[in-house]
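Some structures to go through are shown next.
There are two complexes below, and they share chain A, which is joined by chain B in the first and by chain C in the second.
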Partner chain A sequence: MTISEQRLSNRTKAGAGVYLRAVFLLLAVLPVAGGLLYGLAYSFGVTGALATGFTLQHWQEVLSSGALLHALAYSLYIAITAITTATAAALVLTLYFQKSLRSGSLSYFLYLPLTIPAMVMGFLVFQLLTKSGLVSRVVYGLGWISELQDFPSLVHDSLGFGIILAHVLMAVPFLTLLFLAIYREQNLEQLQEVSTNLGGSKSYFIRHIAIPTILKTAAPNLLLYFIFILGSYEIPLLIGSQQHRMVSVLAVQKFQRFNLLDIPQGYAISVAFTLFVLLLLSISFKKLQRHG
Partner chain B sequence: MGRKILTTILASAILLTFLFFGMLSVGQAWFYPGILPQRFSLQSWQELLVGQSELQEGLLLSLVLGVGVAILSTLSGFVISKEISRAKYKNRWLLLAYWPFVLSPVVLAILVQRFFLLTGMSGEVIGVLLGQLILAFPFAVIFFQSFWSHEVLQLEEQSQTLGAPAAYTLQNVLLPLAKPLLLICFFQTFLISWFEYGLTQFIGLGKVKTLTILVFKYVNEANIFHAALASLLIMLPPALLLWLNKKFIFRGI
Partner chain C sequence: MLTIQNLHKAYHSQNVLDQVSLELPQGQVLAVLGRSGCGKTTLLKTAAGLLQPDAGSIKWAGESMDLVPPREREMVYLFQEPLLFPHLSVFENIAYGLRVRKVKEAEVQQKVEHLLQELELQEHAQKKPSQLSGGQRQRVAFGRAIIFLPRVLLLDEPFASLDAQTRATMQKLFLRLARKYNITALFVTHDVKEALLTGDRFAYMAAGKIKIYTSREAFIEDPATGVRDELAFWNSIDQKITPLP
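What follows is the complex of A and B.
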């Protein structure tokens, strides 16, 4: 290849590169950025069916009604409880069931729950835990309750037990597989041998070496999973309570009402939630980087 | 001993989920306090396999959308991820690719819905396909970053220095190397589409009835038998993929 041919080839490559990056921006960035800007404009009354010019009215209504803050607090409660419980369960499985998870029947079955999407998990928990569900029938058969009403409300409850359980059931297999991979990559088995040779007990190794190493390595994934639960929609939609709503459910409800004045509020909630998540992410990643 | 018992209980509980949905899918009446349905029938399955039912259409639609999203996102992701991997500010570009995953899909759907309404793609299969690409394409771009290592890029350059045209290098050097990752990415992006609900519901306006949309519809109608069958149809293909290779399900971002 002559020098001029090579220069031409490089220029063609650079030209193609610009197009490829443009496609990337068009498909991955524009929808999110454009959507956010549109949502922001709509919530400030700049655009939309009932636009009257710039106003802070919709944001004031959303913030003063307390609905957004309440939904955000409830979502945080659900996400923190679910991720903490799932992490604890996955740690127990990883640290005490190594052999079964690597070669026994669990090594295959543990992957199966990953084939259950949120919508189906919500439906499953509903069918198991509702007052007329499978668990209630079994308990009735055992004679522990005498009628359907005696069974406690475990779905559509204000404590969000059903929502938390559904998320825990979805998260435990994923987190266990993640922790197992970390256990292998960080050579924790060899570290345990070293710890034992130096006189450390198994519980010392687990508390002071294994758990801190696994949690530190898995921190970014745990954070992303936490955000996934924070914004979850299908599960609270199916088994959430009427009294307390998670943020995504609240935002969608604003859009599905017949009152057109609710739509700017729906956009305000969506934008506020997005900004909250971005803020949470940037603060957390900065902290993780500092400690990493 | 205690561990063996707990392991067996865990494995059984996981299997029972599939058996429970299987039982409901052939049930016709399930009155309290019976643990098993009072009547069984294969009617729903027969309708699915032989007749023309809503579920059959939903299954076909989900398959078409899944395959379409998987092909488009895998191919475009493979090509564009190379460009991103060579970019000067690679990490900044990659950060942009993570954006859609930070948002809840339903919040994302609310924000982009206007665009689909304006272009007349709301309520259309093409609109839902494009909507699902907003999630699947950045996933593929991030996924292929691990492939475009320094060694692979050098190998490509070497092949071209030796006089091989770009098409030859792609066909005989890059694609054979990337084949396992292309396959995994194809299946994972297929699953993104297969499991998707929020974007499909909002952009499809309830008219594009994929399996996840049908599950919600049947649950709302209190038709638990059809909902169980639709749920099984969603769970079985990934379970089959899992049986073929665990990597197809688990390996991700």
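What follows is the complex of A and C.
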């Protein structure tokens, strides 16, 4: 190939790159940005069936009622508790049950929940933990409670036990797979030999080498899963409390009410939540890059 | 003194260590020359306690090490790859052996800083392993292995992955620190020059058997080691490039 042909080929490649980027923008970024702008316009009364012209009224109502802040705080509580519990469980499985997970029957039981959609998981937890559910009947059968109604409220409860359990059941297999891959990729088996050889006990190695290495490497994925739980909808809708609502449930309720004047508030909540997530992501990724 | 007697290890009925015996006085380096697959790594890992022998015994100063777990054996195996802890700084990697022994902070600081100077790594103390070159990483691994002055250092071709120049620098560094800290070491290599450079005593290993030489001359003279072939090769090259009078 001559130099001029080489240059032409390079230019063609560069041109193809520009087109690919344009297609990516068109398919991935544009719909999201368009939706966000539409939601912003709707929340300011600029567009929509009952548009009245630019107003801050819907935002003021959302912020002054405290519903958004309350839902955000509740969502954060659920997401932090669920991701912390799931991470701890996945770490225990990765660090202490590796051999069984790689080849044994334990792997089938662990990975099975990966195939279950969130909606179905919500139903399963409901069937298990409701006052007339499976666990309640077993406990009643064992004579530990005198009536089914004595069984504690573990779904539709204000502490969100059912929501947290459903998310933990879904997250543990995913995180365990991720941690096992990191364990192999970071050569932790050999590093444990090194640690032992230098005089470190297994628990010292786990506390000072294995856990920090796994968590540091998995941090971006953990953050993304945390945001996934933060914005989850099906599970809190099915088994969440009536008093405490997660952000997505609150927003959808505003959209679906009979009062059409609530719709701009639904958009205001959605836009505020999106901005909150973007802020969280940008701060976290900057911190991760700094410590990376 | 390190004493290994009739060490035997087999994998699937194939002998990897066949009645290996050796004695190594304190403060001396035994260079073990051998080709890949001759059982060198198995010998070192068995001495470190990372592998269990099928038979034989390992003693240090007359005390049996057979039932001593690897973490208490203080016979440090230096892998071919540096295998540094990725999230720890150079300082903390070197300090690891002191931290697990719960050495006081002031002593840790003093010992690590001193060793960093010896290894010429002062300006890299706070860097992560990913920010270092291959030679620097191997120096950190070496520092991490010797900081708590183990009984025996077991080096498994530690400089094999380095370029020729860095390798020569590391060999000199090893010799200097081995003399300074009176290190007892088993240095395994497939490189004749490296064996001659680093060893006080010499051995040759093939098919799981070890042969110990009484002197450097005996090691050089034995055709099995290949030292004479290597010398003959370099002499022939020398004659080719030296112009005739």
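Here, the second predicted complex is superposed on the first by the 268 of 292 C-alpha atoms of A that agree within 3 Å, B and C clash if a C-alpha of one lies under 4 Å from a C-alpha of the other, contacts with A are read in each partner's own complex, and residues count from 1 in each chain.
Definition applied: a contact is a pair of C-beta atoms (placed from the backbone, for glycine too) under 8 Å apart; a residue touches a chain by one contact, two chains touch by 3 or more.
Just so it is clear, the model here is predicted, and its values are computed rather than measured.
Once both complexes are superposed on chain A, the partners chain B and chain C fit side by side without clashing. If you count the residues of chain A touched by chain B and by chain C, you find the higher number for B.
Once chain A of one complex is fitted onto chain A of the other, the partner contacts of A:L110 are limited to chain B, with no touch recorded for chain C.
Geometry note, superposition on chain A: angle between chain B and chain C about the Cα centre of chain A is 100 degrees, to the nearest 10. In the superposition on chain A, A:F54 makes contact with neither chain B nor chain C. With both structures placed on the common chain, the touch criterion links A:L191 to chain C but leaves chain B unconnected.
Once the two complexes are overlaid on the shared chain, A:S100 sits against chain B while remaining clear of chain C.
Of the two partner chains, chain C is the only one that A:S201 touches; chain B does not reach it. When the shared chain is aligned, chain C comes close enough to touch A:P212, but chain B does not. In the overlay built on the shared chain, the residue A:W144 is in contact with neither chain B nor chain C. Superposed on chain A, the gap between chain B and chain C at their nearest CA atoms measures out to 22 angstrom in whole units. Touching of chain A by both chain B and chain C, each in its own complex, is seen for no residue at all.
Only residues 186-187, 190-191, 193-201, 204, 208-209, 212-213, 216 of chain A touch chain C when the two sit together in their complex. Every residue of chain C that touches chain A in the complex is listed here, in rising order: 48-50, 70-72, 74, 76-77, 79, 83, 85-88, 96-97, 99-101, 144-145, 148.
Partner chain B is touched in their complex by these residues of chain A: 1, 17, 20-21, 23-25, 27-29, 31-36, 38-39, 96-97, 100, 104-106, 108-120, 123-124, 126-128, 132, 134, 136-138, 140-141, 148, 177, 224, 227, 230-234, 237-238, 247-248, 251-252, 255, 266-267, 270-271, 273-274, 277-278, 281.
On the side of chain B, the complex with chain A involves touching residues 3, 6-8, 10-11, 14-15, 17-18, 20-21, 24, 32-35, 76, 79-80, 83-84, 86-87, 93, 96-97, 99-108, 110-112, 114-115, 133-134, 137-138, 141, 163, 194-195, 197-198, 212, 215-216, 219, 224, 227-228, 231, 234-235, 238-239, 242, 246, 249-250.
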